[in-house]
């Protein structure tokens, strides 16, 4: 349930409302919307509490939230969540681009790619140190060393870093080295991992399970939020359908739907979402046009020899740079800001079909 | 198989090549690409014919086409197909917008909507006279009278018209009244209908079956092309997945994929593709950003009382007009041209999440 | 809506009820259930008619039917529909086996296969004369001649025949030669075809569209029933999912679900449902155990050289015969009867894994 | 790769072969097939090793295994794996039935249900102590206490026990109390959990992810096998499709396919596979007819008040008992043995449609 408090209510009135709620053993979460303040209530709420709240000064009304998730819902938290990390704001009017290889392979590799991401205008360096792999005999990532290499490359080139964490016991070490922790598609409902991420003070990018509904994704986010970590980004990365030409079917409707149901930023992953390099460019543009708050894109200096075999969906560095310049032109049309270092305002035409 | 003929080849050389092919009982289709001419060959091709062709003057090489469809493939026909109907060109650099109600309901309704489509900048009026309905007790369309009403409204307001044809026996009458014939998602593999459409001289918009692969869609187009009708547009209108929040999952990757595999124009249908009015705007923008050659969008003056119950996915007239002004801003960024009558170059911000 | 009439009501009372309904321009369909008689009403039913009916002698109550389909629903028609064709009853306690090649290829082929189907204990000969093919350059069936060949083979060997009809204009000729008309998976929502089949006096086997819900299948059946043809069988033949090891995913839950929602017989097609010969045997057994009223199974004397390329899912004649002997053992356990000519009551063990 | 060793080879010859393999740093796994012995090799295998092996006495040939999984494949391990726990053998000719509630709710509840499972003829008691729940505010299970309650109920009534483990850190405590550890559908690709389960000495039932392919399921099993735990059962529990009438689509083709590709026992879960009580009976019969080695079925004494809300798919105790008597009749037809305590050989007829 939520208590809607008038914008005109005095600070003490709001404090008193919260006090009344917490006296009944119910948690209160405050969120400021443009027209009013929302006090979310989680716990067992008795009718007597509702009646008492309705009579308190400053209270406009007490309402039920219709979803199984609460903290993640826009009803509960009407204004957009903006996650600020250093200078970068995610979920506000800025477009955020995260780029890098599928896996960290060596210090040289990640350093060179970081340089290229920065030069192209990206704000975040992506790279996997621990890799989830379908079979046990595939390359599983370079581990903790990879975290260190990536942290150094990020610091050197002025980039934030994001990396995947696969199991609760590695959350702390990943949180030590990376700026954003990623939950992969196979772990979206690894509830112990989600609970553990609720306890850390680092933002989390939560990828949609490849067969998860919007509702399930928002409930998974709720685990993290309910644990006390408010900084969650949702990520559409393609769903599994009958179509096998693409690795997944990138469901771009997820972007406006999730932004409608939730206040959390929504990131698109056109690399995994298509699994084909030649589709990354058009689907990146489409993601931005659909309203994405950011992108996570695979780029590799030598895609054909990547250690994970995912090179087929990685852009070459020049494609990545060119794509970011396109986004610079496209973003203002959609009401977003994005700038590349040199910003040569050239026009472009879709390349794929030529 | 295809025979690649040099751009420098004389006209008589090309004619002779075609003659040699047809003497063997094989059909020859000529397509002009920027760098060479492609002569597609359909039928049983003997090794002796291949050998003979390879030695003819003007022939660069004779190659196998790797797909089960041929006339629809870009290998076979490298340059984009541009379908010209009156002043409107589909598949070239212009963006084409088709708008209108799910079903023609009355002469007044379709006249008023035609006026609004034209005023907003649309080039084509859509409307169903014959409606495919899941159950036999639902409104099945007003029939031939609806065709006439729509033709009159189109003529009066200077719009082309498009309508769905459901069965071979109605192809001729639909072709008499409408400028473009539409094959619906349930009929994508109604092969007798496709064959009949191969015989008419009107362009066809072929909707992807809601569970059809790209390959199946292109093979369905091949039925029409092989029948002698070269003017086919492909339409992505959403596929059936496990996600039920949206009516379908609009698969925007289909746009660049189909443009890569084929030379035919690709149209997006964000109305059926999402089934929700509030998603039509962002998904229209995303379709254009992904490279769509056109859009088919439902608009109704009184969506909540539409006779098909599809009003929930229809835009209100002012939303439609506003969306087309957005496209006017977006199109040049993607290398397409599109103009609205008044063109007030206002900037906009996504509305959904506010 | 339905009017429930007491079992004790006199015949004249029932006649009068029907008269009252029809006077209001509403159609009445009578169905006898064990405990009462159901008079289904289709059309625009005014409150006054309901009130009047409620007061007529013999009427127990007047109720709404909750589904969009009516004639196909078990609510409307509580007892099982049993379709009798010659000596064969479908939908009663007998298990019905339809066997034969994907396509009729020659008179010799279909005669030999008919002999083998009969010898193994099958009651119906299947075979396609008109074949729906994904692409226009594939073998499209031998046409009307194939119908004649199959009719002769069926007559000679004492088998009923079933064949697919793809378009309204061929319904009459197919009905002339075949005992059962089949609607293929791609045509489940070819509504003009369904309407035409409502007018013929031959039973119809309606295959589920490969992405059709149960509800859509029952609404498709409703088109045929509403046209006046009461003899419809439903057929589960596999749905399209993400799993590509099998050609389709045979959804055996469809059998009890459809029998629960409807009174129509349910047939299983393990050949198309799996697309792999080695799975036909276990999935046939599973279909019978799930309660199927019959099976339609591909069998070919030379599967590897079949003209459609579907041989990979066709049984060899000895596999077919062996499978039918297994069904003879299994059927009585499930409360069904099925007999093979020689009936050697050997026991068997699953073969696949050995 | 695998080395095929002749059945006539002396024990010392086999030992020598293994020695040669291990000297090269390659792991050797021995499996005895009826006609020969298979020595599986995992690791980096040099051509020189292959050449040397081919010349050793007793070696028939050295072959490549075509799958990404090896230990799980039937190529690598031709004979069925039979898992023996106490008196119960899983994967041999016996049918194994696991029954019980979705969640352990109290000592009384699990004791009473254990009594009923045993009385009906079940061999294993199922029950969740830790419950994976879509949202954080749902009942999450009673935890370790539940493990103890279930262990006591199992011991008292002479049943084995199976329970789900959700995270690596709980594997040891679950292994202490339960006889079989279950990996739930959402954790099929929780690779750290799988690795940890490779280290325990308890059998594991691995549920197929609700959108996992057969190949992914077998690769997940490979993680456990490669860790050193050979006792893995595979479980088909329904996949996610477009059909929403059932909770999932139970893919029974998975049973013969997995038994063909692998030597591991295959268990069917018709409760989660359908999500509807009235479908559990026919789909249990169909599972057995398709060749399942066992079943895991939800049963509850008061399903409508179950704490997880999954009661809608739980059988009542008398339905469960009746179903097991049906299986007693059905099993010998399929070459399996199964006995209920009292074994009243009544015949039965499907109930659903009556």
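To keep things simple, chains are lettered A, B, C and D as they appear, and every chain counts its residues starting from 1.
Quick note on the criterion: contacts are C-beta pairs under 8 Å (C-beta built on N, C-alpha and C of every residue); 3 or more make two chains touch, one makes a residue touch a chain.
Quick caveat, the model's predicted, so the values are computed rather than measured.
> Can you tell me which chain lies farthest from subunit A, using the average of the Cα atoms as each chain's centre?
Chain C.
> Report which of B-D and B-C is connected by more C-beta pairs in contact.
Most C-beta pairs in contact, of the two: B-C.
> What is the distance, in whole Å, between the centres of subunit B and subunit C, each centre taken as the mean of its C-alpha atoms?
It comes to 36 Å between the two C-alpha centres.
> Quick one: subunit B and subunit D, Cα centre-to-centre, how many Å?
Distance between chain centres: 50 Å.
> Scan subunit A for residues touching two or more other chains and write them down.
211, 215, 240-242, 244
> Would you pull the subunit C residues touching subunit B in the complex into a rising list?
My answer: residues 42, 68-70, 132-137, 166-169, 186-187, 189-193, 195, 210-211, 215-216, 219, 222-223, 226, 240.
> Would you pull the subunit A residues touching subunit B in the complex into a rising list?
Its residues touching subunit B are 74, 80, 211, 213-215, 239, 241-246, 249-253, 255-257, 259-260, 273-274, 278-279, 282-283, 285-291, 329-330, 332-335, 347-350, 352-353.
> In the complex of these two chains, what residues of subunit B are touching subunit D?
211, 240-242, 244
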